[in-house]
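Got some structures for you, see below.
First chain A sits with chain B, and in the next complex the same chain sits with chain C.
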Partner chain A sequence: MSDITIRELVKQYPNGVRGVDGVDVDVADGEFFALLGPSGCGKTTLLRSIAGLESVTEGALHIGVTDMTHVEPGDRGVAMVFQDYALFPHMDVSDNIAYPLRVRKVPKEERRATAARTAEGLSLGGLLDRRPGQLSGGQQQRVALARAIATRPDVLLLDEPLSNLDARLRLEARGFLKQLQRDLGVTTLFVTHDQAEAMALADRIAVMKDGRIQQIGTPREVFHSPRNTFVASFIGSHPMNLLPGRVSGGRVEVLGASLPAPRLTVDVPDGHEVVWGVRPEFISWSGTATPDSVRAEVSIVENLGATALVLAKAGDARLQCVVSEESAPQVGQQVWFACSVEKTLLFDAVTTDRIGGGE
Partner chain B sequence: MTIATRATAHRTSRTATRFVGRLGFVVFITVVSVFFAVPMIWLVVAPFDGNPTMSVKWPEWTLNNFHRILDNPYAFGSIVNSLMISGGVVALTVILATLAAYALSRVRIPGRDALLYGLLLLSSIVTGTAAMVPTFQLINALGLINTQLGVVLVMSGGILPTVVFILKDFMDSVPKSYEESARLYGAGPFQILRDVVVPVARPGIAFVAVWSVVQAWSNFLVPFILLRDPTLQPAGVLMYTFYTEAGQADLRLISAFSLVYTLPVVVIYFLVNRKFGFRFYGGIKS
Partner chain C sequence: MVSTPSSVGTGVVRARRKRADDVAGLGRARAAAFVVPALLMIGMFLLFPAIWTIYLGMTDYRLTGLAAAHTSFVGLGNYTAAVGDKAFWNALQLTVVFVALSGVIGQSLLGFSLAWSLRRLKGWVRTLVESLALAAWVIPGSVNAFLWIALLDRRDGTLNTLLNTPGTAWLISDPMAMIVIFNIWVGTAFSMQLFSSALSAVSPSQLESARIAGASEFRQLFDIVLPTIKGHILTNTLMITLWTFNTFTPFLLTAGGPNRKTEILSVYIYKTAIGSGQLGFGAAISMIMLLINLAIALLYMRVGRKK
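Let's look at the complex of A and B:
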């Protein structure tokens, strides 16, 4: 069993900055787990702490039942693919893949055989004699993956695995990574700043900010039931509409209109300041006034192919919604936006925690 | 004058100015080239001249000068001495500098750059003329006077700071992720140095090796002061003893020996260049 248990992990730098500030994470055996957050949120530091490349200031790290908090990186059974792949430029593909085995003093024939077998599995068969400099970005990544899995690690760590690939290759590599992880069944953690990547690949996502975990959940959970406004705005290809409002008689006053409020999870008095949130994908528009809708004027329509992103102004506030491209409104048109109460979220204006809605 | 003729006149004068400028440039380049070329030509031509002088002239072709080198009892031995001293200096500097540069590149210590610049500055004094008396006394106290080991140590000491300085730059450009990657697979510091850092920094190491050979090979002062026994002296010092019976510099012997003295360095340069290829940059573009 190679599940990962992280308790109260703190990484403090000599200048007093806490890169990781009291993090608890449990990753199940065989799980594909994403660490997601903006740059500087400590996700890479956390990953490097698991690898043993950063010494931990406080807290504990277990892989399986073994306490790995202060174990040397090489003795943790952890393999890592670096963002720049870190392929050794002076070794050919075969030697690169076999390098971990060379460190372990595996005989040369066995090393070559393992390298060839692993390379074959990642469709690198014909490239064994090439140097990293002669490979494309996607091939380099597969070599780095092959080197990481050649030793059959208990845990595989990936640092921004797709960020060095161009856009089209990224989609391809995404599918490939997911398939590979499933086939190997190895506990895998990866770091990304791209929420789409995390949503697409991971079984579960930990959203981080300022060295702290904001929420851990399945892609569905973080998308539909974000724990606070940060997660709400970070997840999703279009940022969630988050507008100030106040609770009044079981409804929410927002944008000068009174909209139905979702089920509240905490009791708040009338007049309580909240943040009303709804994803652009869950807003529909109509050319005529409908009940429980907000009036706005369309200012920009961005064509996204099958869909269109509509930006509208309601008073001083701005609203976004994603609609089918065929039914997009005209710029300058007066429209009424409505959204179903099930998709509406309410957050406390002060603590930013979600207090209503969600699944 | 019409505007058209004025324009033509202007164009003509501009062409003239340009021609004069061009001519001046060519003359300047020619003078500079001759200034540097003449000693080279002398070095190649004078050894084959039956009666060489201090000027470059068409030689009276002969190989007698080289026969005279063979007659000199110390000539062959001095080349061997030069090779031994240079070899010792290169081995010592490259090994020590690689270790030191790697450590200095990776370990953060306060005042590291000041230390490096300080060493660089001092090294040019320590083995220079100014420090010759204390250096002599030090080597004397160590009982290394009249030994090639003493010469190797003093020369290496003088070369090391510069070499460490240059190599550190090469090591800095080796991405840290290479080492971290190797570390994750269980490689220790020396294994990482051997398997990853040294191969990647190889152009830099090749460069400092050749540079050290050239420095040691051409150093006159240190062996001149520390070695008394002519059987131990390197070629550069031996050449200083080439006088005719009349007490004049023996140009026939000096010219021929100069050429012989130059060849090993040129050969080493080409060998290293062929094997490693001088690339005057550090890291690998990924």
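Let's look at the complex of A and C:
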């Protein structure tokens, strides 16, 4: 079993800054797990700590039942693919893939056979004699992956695996990576700043900020039931509408209107200040006044192909909604926005934690 | 009124010049005028003395005496004389040993070791070591020689005091070892600096990748670092080989002695040409030395091109 258990992990730099600040994570055997967050949130530091490239200041790390907190990287049974792939330019593809085996003193014939087999599996068959400099970005990435999995590691770590590829290739590599992980069944952690990548690939996501974990959950959980306003605004292709409001008699006063409030998980008095949140995808518009709606004026319409992003002004506040491209309103038009109460979230204005709505 | 492009300017029609074929658009004549002064200087101070040396090497020209006034042409006589001279072969042999020990092995290895051990250090320790190594490189050779004479002196030398070996004459008992160590001390800074910058070009993620694969630091050095800086190693070896081959500073310590034990080629030429006034013979040996240098440079360049 190669599950990962991380307890109260702290990485403090000599200047006192805590890159990772008391993190608890459990990754199940065979799970595809994402570390997601903005740059500087500590996700890469956490990954490097699991690899053993960073020494840990406090806390413990177990892989399976073995305490790996202070074990040398080469003895942890982990393999890592770096953001820049870190291929050795003076070795050909075959030698690159077989390098970890060479370090482990595997005989030459066996090494070459394993390299050829692994390369074949990643459609690198005809490229074994090439140097990394002669390969495209996508091929280099697959060589790096091949080198990582050739040793059959217990844990596979990927640092921003798709960020060096161009947009089209990234989508292709995403599907390929997910398939590969399923086939190998290897416990995999990857770091990304791209929420779409994390949502698409991962079984579960840990959203990080300032060295701390904000929420761990399935893509569905972090999307529909974000724990706080940070997760709410970080997840999703379009940022969630988050507007200040006030609880009043089982409803929320927001944008000068009174809207139905979702079920509250915490008892709060009337007049309690909240943040009202709805994803742009769950807002609909109408050209005439409807009950429980907000009046606004359309200022920008962005055509996104099948859908359109509508930006509207309601007083000083701005609202976004995503609608079908065919039924988009005109710029300057007066519209009424409505959203279903099941999709409405409420956050505490002070703690920013979610206090209502969600699944 | 909106002016059309053709009416911009004074309206005077200017004859269209023919397009110059060179990159700068100067034309041949003006381009040549820029180059000529430099060529004249090179001809006067580099080419002429070289040709003059070739000529001198074929005469019996002397500093003083009869042959100084009435120089006669001797053809390749000086060269046959050099090949038959035991002192010449002694000097060549000493030079090879001196270059190998103090340059190729000593300076390269010590310079690389320093660069390797300093690579992760920042702050004052690094600055201190670098300054000390550079100091030896920056201080003029004559001052360096004086420092080492003071260090190795038989009566009041620092080394004898440190080792508690009063009366040991290092420059007489181990003259070759002393000039080898001296030259390592003088020249290591160059290799250290060159390798420092070379090492900073080694990708950290490649080293980390090897480390996760289980490679020890020693393995990382041989599998990743050395192949990456191969070009730097070659350049460094070429430079210090030529410099060490031509250096004259050891003369200031031992004057080639005792008993010709440290008479490397440069010292031998000096003693022959200036010391005993045989300018023609000295010029001939200089030519031989030049050819050896040329051969070394060509060899390195050929190896460099192969990779």
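The definition used in the following text is that the second predicted complex is superposed on the first by the 359 of 359 C-alpha atoms of A that agree within 3 Å, B and C clash if a C-alpha of one lies under 4 Å from a C-alpha of the other, contacts with A are read in each partner's own complex, and residues count from 1 in each chain.
Criterion: a contact is a pair of C-beta atoms (placed from the backbone, for glycine too) under 8 Å apart; a residue touches a chain by one contact, two chains touch by 3 or more.
Keep in mind that what you see is a predicted model, and the values were worked out from it rather than measured.
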{"item": "Superposed partners chain B and chain C on chain A - clash or fit", "value": "clash"}
{"item": "Which of chain B and chain C A:132 touches, first, second, both or neither", "value": "first"}
{"item": "Which superposed partner A:223 touches (first chain B, second chain C, both, neither)", "value": "neither"}
{"item": "Touching partner for A:51 - first (chain B), second (chain C), both, neither", "value": "both"}
{"item": "Which of chain B and chain C A:347 touches, first, second, both or neither", "value": "neither"}
{"item": "Which superposed partner A:100 touches (first chain B, second chain C, both, neither)", "value": "both"}
{"item": "Touched partner set for A:90, first chain B, second chain C, both or neither", "value": "both"}
{"item": "Chain B versus chain C as contact partner of A:78, first or second or both or neither", "value": "both"}
{"item": "Chain B/chain C common contact set on chain A", "value": "51-53, 73-75, 78-80, 82-84, 86-90, 99-100, 103-104, 151"}
{"item": "Chain A residues within the chain C interface of the complex", "value": "51-53, 73-75, 78-80, 82-84, 86-90, 99-100, 103-104, 147, 151"}
{"item": "Contact footprint of chain A on chain B as seen in their complex", "value": "175, 177-178, 180-187, 191, 195-196, 199-200, 202, 284-286"}
{"item": "Chain A residues touching chain B - in the complex, by the definition given at the top", "value": "51-53, 72-75, 78-80, 82-90, 99-100, 102-104, 132-133, 151"}
{"item": "List of chain C residues in touch with chain A within their complex", "value": "203, 205-206, 208-215, 219, 223-224, 227-228"}
